[in-house]
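As written, the chains take the letters A, B and C, and residue 1 is the first residue of each chain.
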Amino acid sequence: MVKVFIYPSNSLILSDLVDRFGHEPLAMMQEIGKKIRTAGLDSPPINITPEDPKLGLKYAAVEVPSGVRGRMSLLGPLLEEAEAGIIVREPDIAFGCMGCARTNELINFLVRAKKVPLLELDYPNTEDEAKIFVHKIREFLDGLSGAQSGKGDE
Amino acid sequence: MNDDNDIISKMIVLHSTFTLPSDLVIKIYESKADITVKETCFGLIIEGKRSEVNRVAREIRNLDPNRIFIKERGVPPGSSNRCRASQGGGAKPGFHQHEVEFALLPYFTEALDEIERGEMPEIKDVTPPHLTIEKFKDIIEKEVKESE
Amino acid sequence: MAKENLVKIAQLSCGSEYSGIQKEIETAAAMVDAEIIFPEITIDDVKAVEESFGLQVASPDLKLMMARAQALVDGKTNADAVLIATCFRCAEAALVRNEMRRYIHENSKFPVISYSFTERTTAATLLTRLEALTTTARRRSLLAREHQEGLTAGIDSGSTTTKAVIMQDDKVIGTGWVPTVKVMESATEALNNAMKEAGITRDEIQALGVTGYGRFLIGDEFKADLIQEEITVNSKGAVYLAGHQKGQATVIDIGGMDNKAISVQDGIPGMFTMGGICAGASGRFLEMTSKRLGVDITELGALAVKGMQEHVEMNSYCIVFGIQSLVNSLAKGSVPEDVAAAACYSVVEQVFEQQLQEVEVKEPLIMVGGSSLIEGIPKAMHDLLNIEVTVPPYAQYIGAVGAALLASGFINK
């Protein structure tokens, strides 16, 4: 099983496909979940505190807006864990934690710079494109070592 | 890094004409899993220990594999942190992302059905190559000549 | 403070949750009896907004922000005021922030305030802004007032000086100006001086307005009709005295200890910055300079106008090191005129660098506050920005005049 960084990180379909085809998706939701469940943090709605953008300085300088650094403090550690990546180019679905174009540029770069196995593809808009999308992802995931296709969720 | 005893939530998204969220809930109760379940308009949110949530999610998906999609969710079910009622109304950004992806799910189902049947679509590069500048120049000259 | 009507503030923002400051926004709102709400929209609204509005941006959350602005303007949201907030140093967000502010202002009745935040933004930083915003929402009719009527008084209890004016039928008939020593005593003295000059007694004053950082204390003690933060009051006072009550304007107030740069639309503040971190950008720097030059502060301006700041090399804006540069240049033979000009330019340049970066500069630029009377200051501002700078009469009494003007709305109430 390989840890696969997905972009957009909060995508249902990417998370599902990676899991379905036997690997572990690395997604923002798990990081937000940890934040929200940390006792003692009181910074609703998602418990990111002013300390987090400071932790993001590891990935972007102080001249980079705080919203980018706050997001990087969550995404950066995931990127460090990544053993493979799937990037969807120009998705028109990237809201919320993926809502900042500058953050997205940076994380796409950092995934590419990691030189791990990487699949880049366009987001589907039609039935045919969606089929190709799923097949390409499956092919890519099957090619990663330790794939356990069809098991999922292990 | 992930501890099996971590508490996590998963969002189970269902788009099916013959399986209903309530069917899934019954299945979960039958499995006697120690998890919390919340029915939503798109399916369910379940919460519990990671190992349990993963086990239940797998069982649920097996009910209708190509029509049930699952992802982890940061916010626990019913959390006031993300609830419109307690957070000033208006959908939060993640909801809009969900709306867009939900609309595309039938396409993915179709693709997964194909894989199940062992069919492979013809994968061709859908983006046409860029027009060369020479070709573009020819077209302009031709069009200008015709319009004169 | 008495509990006031709940004001619903629609938040249009990008990045506040990920900067960790959403709670700060909501805390500040609660302090001024306001509630933050988010306009309801659909994904189709988001997809359509770029085309209908015509501003195409890369960040999806900014598109969301534009769609929410449109929902507000279209009357689909039950709100009383709008807060627009995006990350500081994000160029894309700054474009959207400014255009949304203009769009909402031109197409709706909502008061708007915009702000660019960092992770260091606290509820305390936001408080004055939200106080100004909720005031505008609650007191729209009061702020629409363009004339001072009857016999009213205004007191501005500032950190360095306390100012008072008596006004009658759009005329200032008495003024008082004293250094702030003890808040209450200084306010009493300033008011007494103003009443003496006007030749009136306390009983004759029909309404009293107070502002400035000592406003709550003196407001309670004097039973003022209006107790209001200085952003709203000074904006109103500035456009009133400058005879520019309609349209856009920029108000710059260089005070004794802190500065304000306010972008104003029809006399109502839209976006503003408040300084106060560095004494090198304050009236205190000019006081120090005049002491070194051996002239009275009132003479510094005339001196500066005759000088050339380029002749003096200043290595720092700092009230310690910058003054040292001035002293060194005097020792090297610089003339006092050039040194005075350099001091004025230094203060203005720092106001520009620290404060005007976050505020749109719209003509006319109205300079107020005690430092605006030092002629070198408006001249340096004119030289730096290459725009017309207006210093209205009674510029040093701006807060007191604004308070007296607004207070006349309370006569017979």
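Criterion: a residue touches a chain if its C-beta (ideal position, glycine included) is under 8 Å from a C-beta of that chain, and two chains touch if they have at least 3 such contacts.
The model shown is predicted, which means the values in this text are computed figures rather than measured ones.
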Looking at every pair of chains, which two share the most C-beta contact pairs? A-B
Farthest from chain B in C-alpha centre terms, which chain would that be? C
Distance between chain A and chain C based on Cα centroids, please, to the nearest Å. 43
Once you find the CA centre of chain B and the CA centre of chain C, what distance in Å lies between them? 49
Between chain A and chain B, what distance separates the C-alpha centroids? Give it in angstrom. 14
Could you pull out the residues of chain C that touch at least 2 other chains? 60-61, 64
Any chance you could list the residues of chain A touching two or more other chains? 44-46, 92-99
Which chain B residues reach two or more other chains? 87, 92-93, 96, 100
Within their complex, chain B touches chain A through residues 1-2, 7-9, 11, 13, 54-55, 57-58, 61, 69-76, 79-82, 87, 92-94, 96-98, 100-102, 104-105, 107-108, 110-112, 114-115, 120-121, 123, 126-127
Which residues of chain C touch chain B in their complex? 11, 35-43, 46, 60-61, 64, 68
Across the complex, what residues on chain A touch chain C? 42-46, 48-54, 63-71, 92-102
Would you mind writing out the residues of chain B in touch with chain C in their complex? 87-93, 96, 99-100
Interface residues, chain C side, partner chain A - complex: 14-23, 26, 47, 57-62, 64, 86-90, 92-93, 117-120
